[in-house]
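Next come two complexes, and both contain subunit A; in the first it sits with subunit B, in the second with subunit C.
Coming up: the complex of A and B.
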């Protein structure tokens, strides 16, 4: 428990440092968010008035402290245009969590099954195909894979919808609309996770006590569940946790490609409107989710290694 | 090893020389026209020739990715070697890598380039390198640690050689295999980040005439002329596959 709390404190401290760095960097870089958002035609007086009304004329530490305390209370602040970010997010956050949550489950299941099959016959045709296939999938950008999936499954075969249509109640018209986005986002990550899982299982299986258990006649199933998987679990959990960040970043691209109504589209929109404050807050949100995932991974590692130190 | 590089080299030569071909994109034709006379792959959203666009859309993207790969690998090799020799530098790299996990590269790069208007391509390069180095330096350090523990490095240090000289003369030459693999990995990672940024269309940076932007701009007309998105997407996929077969490279190597 003490170890867990110590790990938690380190993660929380690091998050604070990263948030401060992100906030300060966005502030220190040469762009003026208000000027950018209002465009070159706005008069200097107007820009100054907007800056004052948003409280951007105060010193950096005061602004950061305000922003941070808002964040803690679940208030993400306001955009440069003066809209509350919470209102903008609305249902979008839930939509993105649905997409990334489903993709995470997909990655978890596919990567475990794939790695298990691969580990069972590492030198067969399946193993060799997996070695090449995963490394190419890992390197394929989500929007390239998504485009090719749409071409095949929507255009040629006509099986799945190519884009997302939202009904009047704000829900997806049909759950089938999630299939291609989940595949486009999930397959590269599943390939990456498969490689991690396979390496972790191979490393655990090579430990002397696993060999000993086999020699003692412990059934194979029990060897795997009691000796191999607990040893591989910390590596697998840590990789899944760090994957959460790239999953969220990938969701920005995939949501744009499929016109999916999530928070990622808001990120893409902040680029168009050049809204730095919006992007900083969404980055903070992303960092928060990643830290939560890392803390869970820390807990799994400490639990799996209990009594083994 | 050398034979494996032939397809990659041929592809790079094609991408580099294709813009010189006397095929002009043209303008004023019907948008999203079917493949036909004069337009072997049809036309795009603005009525330009898709084949000509695909020929011209790769060079800048690949050049930027190659520059990122070169800078990240070099910096990481130096930092990783330093960390293998000095424990404190090693701890700093670990802390940096832990911190950078919290901000995914694509988001971080978007943030830097957005907050730095007029930064253009140099801002994109700087940000991608910043977000690429901590992880790569960590990999380099574990490779360099094995070299640092060898007798000749210890002998060189004991005889009073400077750290810079030990790294340059004793360590880097022995890291060559890792350097080549990392170069391939950093190239695919660089291409991934840069094409994602181009796809999301940051104003002023790689915002026209490359494969990623072609996919984004032509997606609405996919039903009318699928080639307008299939061609640039296929070009990116071919690059990824050939870099893998040529350099044994994956985006990462667990």
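Coming up: the complex of A and C.
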């Protein structure tokens, strides 16, 4: 438990360092967010006046401290355009978590089932097809896969909507609009995770005591559930946890492609518009999600290794 | 970030391939939609670009998103809008006049104008809105009148007194002075425009016809605006039948739609200027002979055909090509490499040096034009290296500072607009450091002139000086491009922001 809490403290401290570094780095980029927001028609005097009313003329440590104390109180401040960041992020973060959460579940199920089938007959036709198939999928960027999916399922077959349209109540017009984004984001990750699972299972299955259990006549199902899976679990959990980060990164691309109303679109936008406060707020929230995933993976590893030390 | 933009770029070419692959049949009709007599009724579903971080519900805020600007233009009335022979058409103001001093303007509010909640519009509402833009929103650049000089003379008359003579005020106020009720929440979408808001989510809106509008009754029952983060997503929605009209879709989409024949291409000339800007104040282009040589190096036809994919027209180094007083008698410049070479030699221009042309991917064709111009310059012995920058770096380090760069401007029906922003010597955003007393005088004459003949004379003097001496190489003008299904009719061709004027649109059955 102490080991777990220590790891948690380290991860939280690391997040704080990352946030400070992101804030300083974004601020150091050449470019004036106020000029970018107001456009070339604004006079330098108007730009200066707006910078002052936003408090952007203050030194960097003061602005970061201000933002940090707001974060603790649950107020992320305003964008360069004067919009409250809480409003901007509220629904969007939920949308992104829905998309990445569904994708995560999809990856978890597909990769486990796929790896199990593959491990059962590694040299069969299925195994050989899987080896090639996962390689191709892993190497396919989300936007290529997404575009192909749109082409086939939306434009040619007309089975699924090509883009996301939000209804008047702020919800997706139909849940079918989630299918293609989840596939575009999930398939490359599922392929990667399948390979990780397959390797972890193969490694665990080759351990001497697993071999021994088989020779002792322990039923195959029991060998898998009691000996192989617990050994493979830490590797699988760690890989899934690190995948949370790449899923969020992939969401930036997929959300833009499908016009999905998530937070991913904000990330690219905030960097382009040099909106440091918005960027660091997004980093903080994504960072919290990633840290939470890593902490869960830590817990699974400690549980799987219980009594084995 | 580099990787991300490469991805987006690859993504767009892939999506482009999708368009050709899918739309294989159907006839095209270049001019308008299915036609017939204008028909009442129906809901027009419009796609417009807009990024989430720039969203705003405030009509007096920074309207950087096309989608926001479209919604505001339909829900609210500005005093004036683009259109008509002079480029200025009445909207909330039914008429205006100026005193002989060319400074004291009066605008009369349209008879019967009322807010969507039923309250009549009074002059005090207009005054309060304009003051809010100037003072509360730090946007004095939008309304060139001191706030204390904006007053209500009576319920229907607003007076504005400019500091210096300004004959161009009604033009400068087009689509700027959206009017909200004095003292009420300005973000409540209680406008006076042809359509009223029924639903709003996240930059998407459903608007229904406002039957109490003071202008001609719109034919559409409703307009639904869907916001898209990227042109690719918007084109997919058009292909998939989720929208009827894709606004400002760009030349690549137009070329593909034209090849497929399934959609109609709506072209709005004089939409975007993409000049090559040369520094006049100092540096290698300070000699006017060098600037003239550069202008003679440009193969304008090739630039329009290749960089703009043919969706544009050749221009003649004068900004504001859609101006009512645009001078067509100035000889059209064309490529003349021999003269260019001898001018460069005369000026002692260093042909061994490499000159950097900074560019930015802000408008379609901008980077391509820079690259193509560099190739053309090589034929005259001038070595140009093209460097692409992102917007943050560009506006910080290059704009108004560098010796040679490309720029994008979206208001092109006024010579005076450019004079005020970038050409007069006193402008703080003078992009070239050009300081011409003759030009300043001609511009002053234009602002002080109240009769059209004198205005035209002053404008022509300005244009001649710009043509001969300024730092601009304006090789062409990009068309604005909207794509739509054949059923959509009645779209405006007004330059600049005419694409937001959808109150005249109708749907064929």
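In this text, the second predicted complex is superposed on the first by the 295 of 309 C-alpha atoms of A that agree within 3 Å, B and C clash if a C-alpha of one lies under 4 Å from a C-alpha of the other, contacts with A are read in each partner's own complex, and residues count from 1 in each chain.
As a convention for this text, a contact is a pair of C-beta atoms (placed from the backbone, for glycine too) under 8 Å apart; a residue touches a chain by one contact, two chains touch by 3 or more.
Keep in mind that what you see is a predicted model, and the values were worked out from it rather than measured.
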Room on subunit A for both subunit B and subunit C (clash or fit): clash
First (subunit B), second (subunit C), both or neither touched by A:239: first
Partner chain in contact with A:186 - subunit B first, subunit C second, else both or neither: neither
Which superposed partner A:45 touches (first subunit B, second subunit C, both, neither): second
Which of subunit B and subunit C A:151 touches, first, second, both or neither: both
Partner chain(s) touched by A:261 [first = subunit B, second = subunit C, both, neither]: second
Touching partner for A:283 - first (subunit B), second (subunit C), both, neither: first
Which of subunit B and subunit C A:196 touches, first, second, both or neither: first
First, second, both or neither for A:161, with subunit B first and subunit C second: second
Subunit B versus subunit C as contact partner of A:82, first or second or both or neither: second
Subunit C clash site on subunit B (candidates 63-71, 81-89, 135-143 or 207-215): 207-215
Intersection of the subunit A residues that touch subunit B with those that touch subunit C: 29-31, 33, 36, 141, 143-144, 147, 150-151, 155, 162, 252-253, 256-257, 268, 270-272, 274
In the complex, subunit B residues that touch subunit A: 95, 98-99, 101-108, 110-112, 114-119, 188, 191-192, 195-196, 199-203, 212, 215-216, 219, 222-223, 226, 229-230, 233-234, 236-237, 240-241, 243-244, 249-254
Contact footprint of subunit B on subunit A as seen in their complex: 14-15, 17-18, 21-22, 25-26, 29-31, 33, 36, 132, 134-136, 138-144, 147-148, 150-151, 155, 162, 192, 195-196, 199, 239, 242, 245-246, 248-250, 252-253, 256-257, 267-268, 270-272, 274, 276, 279-280, 282-283, 286-287, 290-291, 294
Touch list for subunit C against partner subunit A, complex: 1, 4, 7-8, 10-11, 14-15, 18, 21-22, 51-56, 61-62, 64, 138-142, 198-199, 201-202, 204, 206, 226, 228-230, 232-234, 236-237, 239-240, 242, 390-393, 395-397, 399, 407, 409, 421, 428-429
Interface residues, subunit A side, partner subunit C - complex: 29-33, 35-46, 49-50, 53, 79, 81-83, 88, 91-92, 141, 143-144, 147, 150-151, 154-156, 161-163, 165-170, 252-253, 255-259, 261, 265-266, 268-275, 278
